[in-house]
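Labels run A, B and C following the written order; every chain starts at residue 1.
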Amino acid sequence: MIATDVISGQVKGAPSALPADHIGNGFFGQDILSVRQFDREKLDYIYRVADEMRSLVKRFGKANLLDGKILANLFYEPSTRTSSSFQAAMLRLGGRSISINEVHYSSVTKGESLPDTVRTLESYCDLTVLRHPVTGSAELAARYARKPLINAGDGTGEHPTQALLDIYTVENDLGRLDGLKVAMMGDLKYGRTVHSLTRLLSLYETELYFVSPEILRMPDEILGEVRASGHNYTELRDVDEIIGEIDVLYITRVQKERFEDPAQYDEVKGCYVVDPALMAHAKSDMILMHPLPRVYEIAMEVDDDPRAAYFRQMENGMYIRMALLAAVLGKA
Amino acid sequence: MIATDVISGQVKGAPSALPADHIGNGFFGQDILSVRQFDREKLDYIYRVADEMRSLVKRFGKANLLDGKILANLFYEPSTRTSSSFQAAMLRLGGRSISINEVHYSSVTKGESLPDTVRTLESYCDLTVLRHPVTGSAELAARYARKPLINAGDGTGEHPTQALLDIYTVENDLGRLDGLKVAMMGDLKYGRTVHSLTRLLSLYETELYFVSPEILRMPDEILGEVRASGHNYTELRDVDEIIGEIDVLYITRVQKERFEDPAQYDEVKGCYVVDPALMAHAKSDMILMHPLPRVYEIAMEVDDDPRAAYFRQMENGMYIRMALLAAVLGKA
Amino acid sequence: MIATDVISGQVKGAPSALPADHIGNGFFGQDILSVRQFDREKLDYIYRVADEMRSLVKRFGKANLLDGKILANLFYEPSTRTSSSFQAAMLRLGGRSISINEVHYSSVTKGESLPDTVRTLESYCDLTVLRHPVTGSAELAARYARKPLINAGDGTGEHPTQALLDIYTVENDLGRLDGLKVAMMGDLKYGRTVHSLTRLLSLYETELYFVSPEILRMPDEILGEVRASGHNYTELRDVDEIIGEIDVLYITRVQKERFEDPAQYDEVKGCYVVDPALMAHAKSDMILMHPLPRVYEIAMEVDDDPRAAYFRQMENGMYIRMALLAAVLGKA
């Protein structure tokens, strides 16, 4: 395990004389490992490129920015939606994707190290997307990689493209980020999604509400970062007191696999559910978000509510990933 | 489980003002869920488009009708030939395909519902092909899908593209359907293939022969439909009496996995086999068909017989799927 | 099992009037099953085409030679690097690839024969790459295939594209093959890689050194072939005596899965390791090669040594496969 806050500053694949910081707003040749790489300026740039991607896809189905480029889509643990989203993003940019999903039975099982696997795939491909169950593995792989690497989730560590699509959905649906009241609800302890989103929202003038059972509170480390960024926040056990005021309700599923004791899971699973009765108390222009998959925590009756933004989130994920792929390859 | 004879009439992805029934002979924006959606006119249209696809592939290797389109090829159970055929069809149309074959270990295992999986994939893709082990699942998924969905087999339910490639092979090899004598032989009870083909052949002036052991007879439901369509049929235990008269012999393998009692399987498996001795009694211009995979029920010595049509069937499957993909996306 | 030295001379997919021997230097329509198909002239042709492929990829990312062509990438056992390399090669040629990796749970499990699977895939695709655990299976499949088939490894039999990329790396890095001193070290008994490379090097004026423990000596069959080709060779237990003289050190991992007795494995595994101390005694212009994956047999400290050629080998694998794909389809 290595620290993930040490972000490499090298420009991969760039001629040494090139003023790389000024290409693609500094993304060219970079790895995307952590939301900590992003400030407001970089986020604004990615939102704007994602907007263009949406426009191109709506009109033409694709852009040809990455014609001739190949993505190595390397997944050490299954994630249908993230893998498919990166593949679709690459294909809609005119590039190609090679998926390596079967790493549980591939050369990895012969004992090969992650750095060797990544360097081998780089021999054929132009960049790598990596999903890995071990925290810090994206940073480790990026240290050896000669071409850009995008972290698609490393254990309980980071999943920066998820956080970017989340914040982009807020920006896109509500038109702004400053001045919003955002509530996160459910599993705030184990959900890396809400941790990363909290870090990004702390770059804006947002009011944050953390709604969870006691045993699933937002970790002190994250709360400390929020305070350090100059924000206040409110912790609650119940969303009822604030449901009429908030602009965003972000709900995360209580995942059984995060619990060591199944009884602990059964105790809390039913507490944080969104149904039409709850939505009746919410503002008419708020949005309801969820990283998906959902199981029971949002009733299907809510799906047709225009405030239900979770399938829009999925679509935005493709635009955000198109923006990042194009940016790190210098084509945004 | 839901009824599969309730076919949605909505036009997916169509602007509301569009006279969608007149685009692509009514296929534009439609799901392909069941052979019951097809009448003679619609079948003729699909044959004609498939003919064009064959011509384009033979001359150019591909057509560019679906440039910029992405297929979500979603297989909840393995089927190498069906999956590969749809992928090839999409690629030869200039489109791209994202295969999701690993659903046994994907987000589905986290408890996600089929409608959510399909709606998520639709966020990235332009249409969905679904293979699922549960009868009725294609209809269920299509009810929630906002984009066209093609049923690639749902349990013991429907597998409409298989039936279409079967009947298209007869039409293409023999030049007509009316006036033919068609025998189906082998497992007529569990084989959805012969059920669907029987329904389609009942739209033409065909004479049908059902050759099977008693315990694997064509189900009464199908026989009733044949009678209701105004056709006669003949049930036989042995193909010898008619082998010299028939234009088509369609053989299906007795699949071990369909039997609860292995002894029952061993009893019948050897009874319905085609070898050169049998083919010596058949007409010179008849054709021998099989949905594949075959194991022992057609001797490999028969493969070089020009009447052996089963590998042509495979190729026709690609043209039929190209025709359907183009038709539902309004590009045929 | 069948003999692999009977190489089919038929020209697949060629109009009969075509002087196929003169297209693509005789590769058009051929299967690539064994290194025994290659003489110096054919090797020179493939090196030259691979050089062109490298140049096209470096400048444009791709060539459009195989636009409209589809590869069936059929892997009956996992091999991330070989599968990815063929996929990338096909994509960079402007073609498309359909990967069938899940054959452990596909129609094959329903009892379908390899010839039927290959003929089915050929119905959709323009050529087949086959990886199979059983020796001789590539030759068997090619006998039934109507389109070109490339052997991507069949058990302990052949893996011709690996041998071609190995010898091409020597040629490319050192500028020649005649007059070189080449040492192979490690598992020389079970490693098909070193067997095939030895056969190819025997076409040139090379001096061969075989460095292995007694129980992993180069098989007598291969040694006999080397003598029959008019070459001398030297067998050694230790590389130290020749490290200062050799131009190429090719090391292969001692694979645990090759041993019936794990104790035998533990006894020899540590004996044949390359580290900076060993490299300090090697010539400044020699190269260190490895087929990868490596585990412990080359220390990671060696990776930054410019003589470490193993990641270049990987990249060369793509160019060699591009050359072969284009050649057998008549587009080189």
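The rule is short, and it goes like this: contacts are C-beta pairs under 8 Å (C-beta built on N, C-alpha and C of every residue); 3 or more make two chains touch, one makes a residue touch a chain.
Bear in mind the structure is a predicted one, so any value in this text is a computation, not a measurement.
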| said: Validating interface symmetry: for the copies chain A and chain B, is the fraction of residue numbers used by both over half? Same or different. | reply: different
| For chain B placed onto chain C, the superposition rotation in degrees, Cα atoms, nearest 5 | 120
| Centroid spacing, where centroids are CA-atom means, of chain A and chain B in whole angstrom | 40
| said: Multi-chain contacts only, two chains or more: what residues does chain B have there? | reply: 102
| query | What part of chain B is in contact with chain C in the complex they form? | reply | 60-62, 78-81, 84-85, 87-89, 91-92, 101-102, 255, 257, 292-295, 300, 311, 314-315, 317-318
| query | Within the complex, which stretch of chain C touches chain B? | reply | 67-70, 72, 96, 98, 100, 102-103, 105-113, 115-117, 119-121, 123-126
